[in-house]
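Common to both upcoming complexes is chain A, partnered first by chain B, then by chain C.
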Partner chain A sequence: MKNRLKVLRAERDWSQADLADRLEVSRQTVNALETGKYDPSLPLAFKIARLFGQPIETIFDDGEA
Partner chain B sequence: MSSLKSPPMSRGARSRSLQMLVGLALGGLAGVGIASAAKAGLMPDPSSLTWSQAGGLLLAVMLGGAGLLVTAVSFSGRMTARAMDPDGNGAPRPGQTSFYRQQGIILLLAGLMMGAPVVAQLMFDPVPHMLASAIMMGLVAMALVQTAFNLSIWTQADEMMRRMIAEAGAICFWVLQAIFFLWAAAEVLGLAPKLSSWDLMVALMAFYLVTSSVLSIRRGFA
Partner chain C sequence: MGKLFNKSPAVRRYMRRYIPAMAVYVAVIFGVSWAFNRFAPTGPLAWLLALAPAVPILFVIAALGLYLKEEADEFVRGMMIESMLWGIGVIMAVMTVWGFLELYAKAPHLSAFWAFPLFCIAMGVAQQFVRRRYR
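Up next, the complex of A and B:
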């Protein structure tokens, strides 16, 4: 699934480790999310959306629209 | 004429290369040690072992050796951070050393559990009942301790690691149940030799280690 995680992270000048700490996941998880190797669970997707202050649909794109 | 220079190796690549070199060196030393011990008559000639005895011992040495190394590394925050996340910035994260040490203990116990029955069988054939019972009680105790550490790892792991663990289990089940069923059917039909439960256990453990390693590498954990 495509996402704008890397862009949103860069806008805040956060490293992957910074984002990982805020989401309470490993840096590898953040990297896997950004490269599309891993899709987050619903609770993690909501956490990401709340952290960036945006709806889930504007961050993640499942390509169905 | 422009000089062709390869780009400098990334920190992650350097870290992985170093881990591989250490692994190769330790593996080589273990090989030399085993060959020397066999030559000196201190242990049975490896060529006389059954495939599952040899496989069990190989797994025991690999797991036990990895467990010792991981446990030793876990006493340094920087080395732990580098080992757990070769592509990271190397800064230790809270709880990382404890998490890594628990993984080291799990590996070490796995090595001891894989090795103990085979070593006992090779040293005493048959194994005296009292000794066998004592070893069995030790194995049960180690299995319980390892289960506790595995549960601890599960609760501390993030969702991607939990999914990896679950995927490894699922893949192992679906692949091995098909293979074991076909072998069992062939055995019943007299088309394949009988396998012992130790044979099956070694096959299961080897397959699981390969599967979980592949999944870890694909997700960037190695």
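Up next, the complex of A and C:
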């Protein structure tokens, strides 16, 4: 699934490791999320949305809409 | 389990269970081998002694299950589960193939206790491939 994680992270000047710490996941997980190779669970998606203060659907795009 | 996993408390807890269990396993293997060579026990005592090395291995299997339960990083947990499934698939394939080779082609006997070490090796190899795929 496409997402804007990399852009949102860059806007805040965070490294992958910074984002990983904030989400309490590994840096490897952040990388897999950003490259769209791994789609997060609903709880993790909510956590990401809350961290960036945006709704889930503005961060993730399932290509259906 | 690799550098990227160092932070996970679940991995650290797993290692704290795995390392002592393996130390016990090595000690028990030496002790039991020595006892069988020396005293050639029979009957219930032989059964009990023969079971002793399995106990720490069962503990390690349980520790693997606990690791999955305790790993808080869902992606890491998912990769681990995928690797374990590969391990299970490989061990079932090896045992099936080898079983028929033994039955019909007089292949040398492969003792069933090899199942777990072979599973671990297959899982370890699978981990490398699974991790690479998500890089």
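Assume the second predicted complex is superposed on the first by the 65 of 65 C-alpha atoms of A that agree within 3 Å, B and C clash if a C-alpha of one lies under 4 Å from a C-alpha of the other, contacts with A are read in each partner's own complex, and residues count from 1 in each chain.
As a convention for this text, a residue touches a chain if its C-beta (ideal position, glycine included) is under 8 Å from a C-beta of that chain, and two chains touch if they have at least 3 such contacts.
Everything quoted here is computed from the prediction, not taken from an experiment.
After superposition onto chain A, the modelled positions of chain B and chain C overlap sterically. Of the two partner chains placed by the overlay, chain B and chain C both lie in contact with A:S41.
With both structures placed on the common chain, the touch criterion links A:E24 to chain B and to chain C.
Once the two complexes are overlaid on the shared chain, A:S15 sits against chain B while remaining clear of chain C. Shared contact residues on chain A (touching chain B in one structure, chain C in the other): 24-29, 31-32, 37-38, 40-41, 44.
By the touch criterion given at the top, residues 85, 87-89, 91, 93, 158-161, 163, 218-221 of chain B touch chain A in their complex.
By the touch rule above, chain A contacts chain B in their complex via residues 15-17, 21, 24-29, 31-32, 37-38, 40-41, 44.
If you check the complex, the residues on chain C that touch chain A are 4-5, 7-8, 72-76, 78, 131, 133-135. Only residues 24-29, 31-33, 37-38, 40-41, 44 of chain A touch chain C when the two sit together in their complex.
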